[in-house]
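Next, two complexes with chain A in common: one pairs it with chain B, the other with chain C.
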Partner chain A sequence: MGYPHQPHLKETVVLSQYFGDAEARTYDGWVKRGGYQALEKALAMEPAQVIEIVKQSGLRGRGGAGFPAGVKWSFMPKEKKKPHYLCCNADESEPGTFKDREIMRWTPHGLIEGCAIAQYAIQAEVTYIYVRGEFTEPLRIMEGALAEAYRHGVLGPNAMGTGKRLDMYLHRGAGAYICGEETALMSSIEGRRGNPRIRPPFPAAYGVFGMPTTINNVETLASVPHIINRGGAWYKSLSLSHPKSTGTKLFSVCGNVKRPGNYEVTMGFPLGELIDELCGGVPDGRTLKACIPGGSSVPILNREESESCKLDYEGCVEQGTMLGSGGLIVFDDSADMVYQIMRLARFYAHESCAQCTQCREGTAWTVRILQRILAGQGEAKDLDLLLDLSEQMTGKTICVLSDSCAAPVVSGIKKFRGEFEAYINGTRRPRPVLVHA
Partner chain B sequence: MADQPLVRLTIEGVPVSVPQGTLVIEAAKQAGVMIPHYCYHSGLPVAGVCRMCLVEIETTPKLQIACATQAAEGMVVNVLSAQAREARQGVLEFLLINHPLDCPICDQAGECELQDYVFQEGRSRTRYTPTYAKRFNPVEDFGGDVLYVPNRCILCTRCVRFMEHVAEEPILNVSERGDRAYIGIHPDRHLDHPWAGNVVDLCPVGSLLSKDFLHKARAWELDKTPGVCTGCSQGCNVNLDTRTDVVVRVRPRANLDVNQYFMCDHGRMQYRWMNRGDRIEAPLVAHGHELAAVSWDHAFARAAEIVRGTAGRAAVLASPRASTEALFLAKRVLGRFDLTAAFRVQRVSEEAPLIGVPNLALRSERAPNVTGATLLGYTEQFEVAVKALSGSAVVLVLDDPLEGVSADLLRAAGQVIYLGTVLPDAARAAHVVLPIANVAEEDGTFVNRDQRVQRYFQAKVGPGMARPAWWVLGELLAELKLGGPFGSAAEAFAWMAAEEPRFGGLSYQLLGTRGMVLPAGRPAGVGA
Partner chain C sequence: MHETTYEPVFTGDRKKQLDQLLPRFPTKRAALLPALWMVQQARGWISDHAMAEVAEVLGLTPAYVKGVVTFYTMYHQHPVGKHFVQVCTTTPCNLCGAEGVVKAFLEHTGCKELGATSPDGKYTVIEVECLGACGFPTPVMIGDDFIENVTPEGVPELLRKYQ
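Up next, the complex of A and B:
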């Protein structure tokens, strides 16, 4: 197979089973591999039954927040008074995260099938799949698959020959990270500027076009056909540590490891083992210094924490961080944490939608302070100032982009204070950077 | 919301009851607490972006924004708790880091919500040190009367929301992201919407400025007097801002039943003539072909002599910009004549509505008291009245500018009494000229197109011996032993209310500053 790596023995290959298998991309290839049976099965059930199975499975959102998918679906009005919508969040722009891209590249029909099942379960007539603008190849593949699905009657006015109507559209983003935030994504689909909206009202009551809407991540939805096929109990049994974290999770590993890439493991898999065994460890002669387990938006773990971290929702919280999107960024002892944190902050400063004062001004100010420290002009009081600004940026804004900028700063200062101080007291050579955000 | 059930909550220790659905920021006003805010404005859809109104709600772990949180039964809201204050102090500090701090040259200084809240609860010193460059964008002319000073913008989006949801002409937006963001305007458009000037008032800081008012006066030098716009028959409530007897600006005064928080650009510009220098400053009486200045007593005696000494037909040519009181009293002066009472008004073909507010438009009738004049028996048959002048024993002109009426036409009438603010050429044919105050110089009322009677208040002193028309006509009536005199506009109004059934039961006290719809009139204002 052409895929970057053969599955490691310790991987639990569910979503990634056909990664690298070009034939699985086609409708025929997908059906040959058992595709669309789950959809057929689901369409023969009552929508509430489908939701019940997903609830049983313990599947939780893979987009970042980890909210139980079945519970989210059950928030949709039972009695349908207005059109319902499903949004599939394929905006995947979180630094260090590239799993949804592979799902779309290799198993587009799997995603379509998952969307169709969820759409049926929440009684939506339309699904919008919102694809990150830079994902030109995944978009092309999704377009091909969607056309095929319509051609073969999977979708359309008589989906799978059941007389039920299921429509699905691809919507291409225009390159803003914030459009991955669920309400911003909806604004963007509506043709407005992709700004997050204040909640309440929540999407289940007032979502895209003001209609009841459910939004899920690509990986969440792609897991659904497997759950329908093999049962909620099977999925729930996939759990190595905490019973509330079930199933498999794709981790996108990048940074200082020998074999970066996507790895699918059962929930609760030890982080240390993922880095050392599956990814081949940090480069020779180097030691692990830190990692960020959940995309760039979560607190940084130091070496000890990383080595004892179990990769599931609870395991990450136990170490003071979050599972997030499953983008695992690894730093070895050559990494300059001050610089790395500045780069992350700069990303958030660039992507802030500018609505909330704390986020608009705070992210940019944070970057300026970090750049000044790197340039050797920092002062001792700057670290307390950074912590105080981060406090002001946490828990006070419309969405959590602001908090996401603060998380690596706060944890970075806490865990790598020495590196900051080295720049400030002149024991480390200054590293001036361009001031632009 | 009136028939909504009430919920009880406690705000800063004060218990209040409000209809269900009321926002905490509004409920707080009932408790006497103004929660600091920027993006929130009662006349605009809620945005919840500035995060200034963060308050602590007991039992809710995170601070909540008061502008988007509904009051609930048993809620306990702490506005001044340390946690809430710190959060707002944080917002203020963030707002200032890119702000140019150019208050000394900013028109908004003194009425700036950024200044006010920083003074109230901000830090005394910035921590944005030592030498970071501030965001810079050059001043931009948005067209119409509006200048945009982006460096002072706090991106509250009030202006954007006004244009999008109230004017329904969405030509402003937030452009760019992060701290590079600024307010953008459609590249091919200007802020020339007839109601666009409201964005200047809505802007809580000095970012949107009126070109007309630019550098004219400092906010703290201004006196504000409640008035009614004279631009059309809508009757938008306004404040006249004066500095030492000069009107320098007209701005809307909130009245939910008439104009909410807004007024049109045409109305805003109706003030320069209030400062005219070419006013009549003394009563004048004809001596041969000359008008000579005399005392008020002399003038009243002469005018009374004219009224007493003739009989038959008479005419009143009145301006629909005159107060209801003056319109009423003018007819009383000529009560025993066979009277023709007429006015004329400029009418344009199109109204200019503010779409987002029901029943609010720049009306095609471009005078404030057409309804008052009509209710009091004046007709719009001005030309007919002018043609009949030659057979009239007495003509009383009440501030009509006499355009198109020649001195000869007037001379064809018997005797002419002219009450006016200025002296047009034709008025030189008058036998008596009585100088009156303009709308900024007197108290009075107008009746708007929805039959809402609204008071306006004296904002400055009139020139020389000019006096309010209600006073002048009251003295004349007293001289004629027909009524009056009046010590105040309220007294004149009271007499009218007693004599004119349509105004029965009303008084200045009842009218207050918001006005009232005439008892038998149809309901006026928003939602009608």
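Up next, the complex of A and C:
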């Protein structure tokens, strides 16, 4: 449901069914709506059975990478020799993405239930829910819901009366996009600077506190109770295009669009239809110019590509981009692509952890070149310089922040070269940058 | 050091609160971010003295604690205005006019530049990177309050609530 809007007939409402329903936030309200039945069901199974159902469902990571969730869980050691941990990644900071915030605000018990099921499946003693520091309201709501879950015996030493122990804690971030990267998130929980770590070793072998760890996104975990309740086959049947993309996905639509908000559709839904019908299209008198379908880290689509893009993992790859987090940024013909790409590059320059040279220097250099172009002081060779620099920033660092900066720059120059050239050759008036560098 | 006397943060209830957090983690170091939040909630910012106290309480070194404080943008290393205003200007909000909202805050608070505190000490205004509420442009944080759909025209009335 495109909260704050009424659900559209073409939506497939699963995760967002109770968005806007304040009663669903409470333990009693959640139980009345069938909540915690999936956890009860899962706790009566063997952990391996739970993993098998999630594998069957085809659920893939909703944070951006799209890795099959059940397969990820199966990487955890079967024979437990050390403590295991689950981390729920609620550090939602990818520009264009605001779905996890609504999941936490409206269905906190749904997330707790999903975490508890995953925690049991991977045999973890503790779940850390890492919430970005700015999300004061989701933090407050999650804190209240966790206290309720402990009070009602959902969590604690005798979870759901089964004698099994499930502990879950909130961990507040403090303003760092990079902590949404899974290894940086673990560093941050450990009380360190949020620096990503080289993989391997992968978290399932050596994760938070050096112990086997699984990290999943909020939306991934919130989908799990529905899969346990209704079965892997049901979830797998939700697919409009490619069979390897299953289930529903929340798309956060924003930018130049009449009705921004979260829309839940079946995987494979046409991007053009989402913008035109569900979101009411671009503002009156405007036309669609471009789209970023998966949060700011993925390549930009032009109008034609946007109109033929199917919203699933494979459909986005076919158009040369990625589904990412499902943060859909819409640009109409009034958007200044050079300025907005500079603004994206500045985001990455600000958020670089500064460990790797290519990223620390490359993101800042990219911003300087783009600002020079905007100021009317660019040269023709600057575009080649940007492309060369972007190539040096791709696939060469510990994490993909640097690649993410390069993606909109490279696709932007390729698809909107004329706008860059207009600043360089003086046919477009220089545009000063408002604020700090 | 401009502080001549330093009142420790972790005494009484706050010390108890911190001690209650420790069993959540296998290491004391992991309580660092929560401890720094407690300092900032108590004092409004995190001074070098406070960093040294946190280091002492958690068995870390002051330099280590400073290294962590400087990594995270939400920890204030200097005092800020009574109301700390953060305006999102990243691309999705920028497309919807967020820079106009920043200008309106700078104008109506009397803060001459971003990051500076107004002469009356009431406000500090900064730009912030993506607040994660892109469908509600422009989101603004004032202290711990998260406000959606702020427009330049709405800024004066909003500020009246934060005096």
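Keep this in mind: the second predicted complex is superposed on the first by the 430 of 437 C-alpha atoms of A that agree within 3 Å, B and C clash if a C-alpha of one lies under 4 Å from a C-alpha of the other, contacts with A are read in each partner's own complex, and residues count from 1 in each chain.
Methods note: contacts are C-beta pairs under 8 Å (C-beta built on N, C-alpha and C of every residue); 3 or more make two chains touch, one makes a residue touch a chain.
Remember, predicted model here, so these are calculated numbers, not experimental data.
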Scan A:S352 for contacts with chain B and chain C and give back first, second, both or neither.
first
Regarding the shared-chain residue A:R368, is it in contact with chain B (first), chain C (second), both, or neither?
first
Regarding the shared-chain residue A:A176, is it in contact with chain B (first), chain C (second), both, or neither?
both
So in the superposed three-chain picture, is A:H152 touching just chain B, just chain C, both, or none of them (first/second/both/neither)?
neither
Which partner does A:K55 reach: the first (chain B), the second (chain C), both, or neither?
neither
Of chain B and chain C, the partner touching more residues of chain A is C
Touched partner set for A:I398, first chain B, second chain C, both or neither
first
With both complexes overlaid on chain A, does A:I198 touch chain B (first), chain C (second), both or neither?
first
Across the two complexes, find the residues of chain A that touch chain B and also touch chain C.
176, 193, 350-351, 353
Which stretch or stretches of chain A touch chain B in the complex?
176, 178, 193, 198, 349-358, 360-365, 368, 385, 389, 392, 395-398, 437
Listed in rising order, the residues of chain A that touch chain C in the complex are 83, 92-98, 100-101, 126, 132-137, 167, 169, 171-177, 188-194, 209, 252-256, 260-262, 296, 327, 329, 331, 335, 339-340, 343-344, 347, 350-351, 353, 434-436
State the interface residues of chain C toward chain A in the complex, per the touch definition above.
24-27, 29-34, 36-37, 58, 67-68, 71-75, 86, 89-92, 94-96, 99, 102-103, 114-115, 127-137, 141, 144-146
Name, in rising order, each residue of chain B that touches chain A in their complex.
46-52, 54, 62-63, 65, 68, 86-87, 90-91, 93-95, 97-98, 127-128, 132, 154-155, 157, 173-174, 176-181
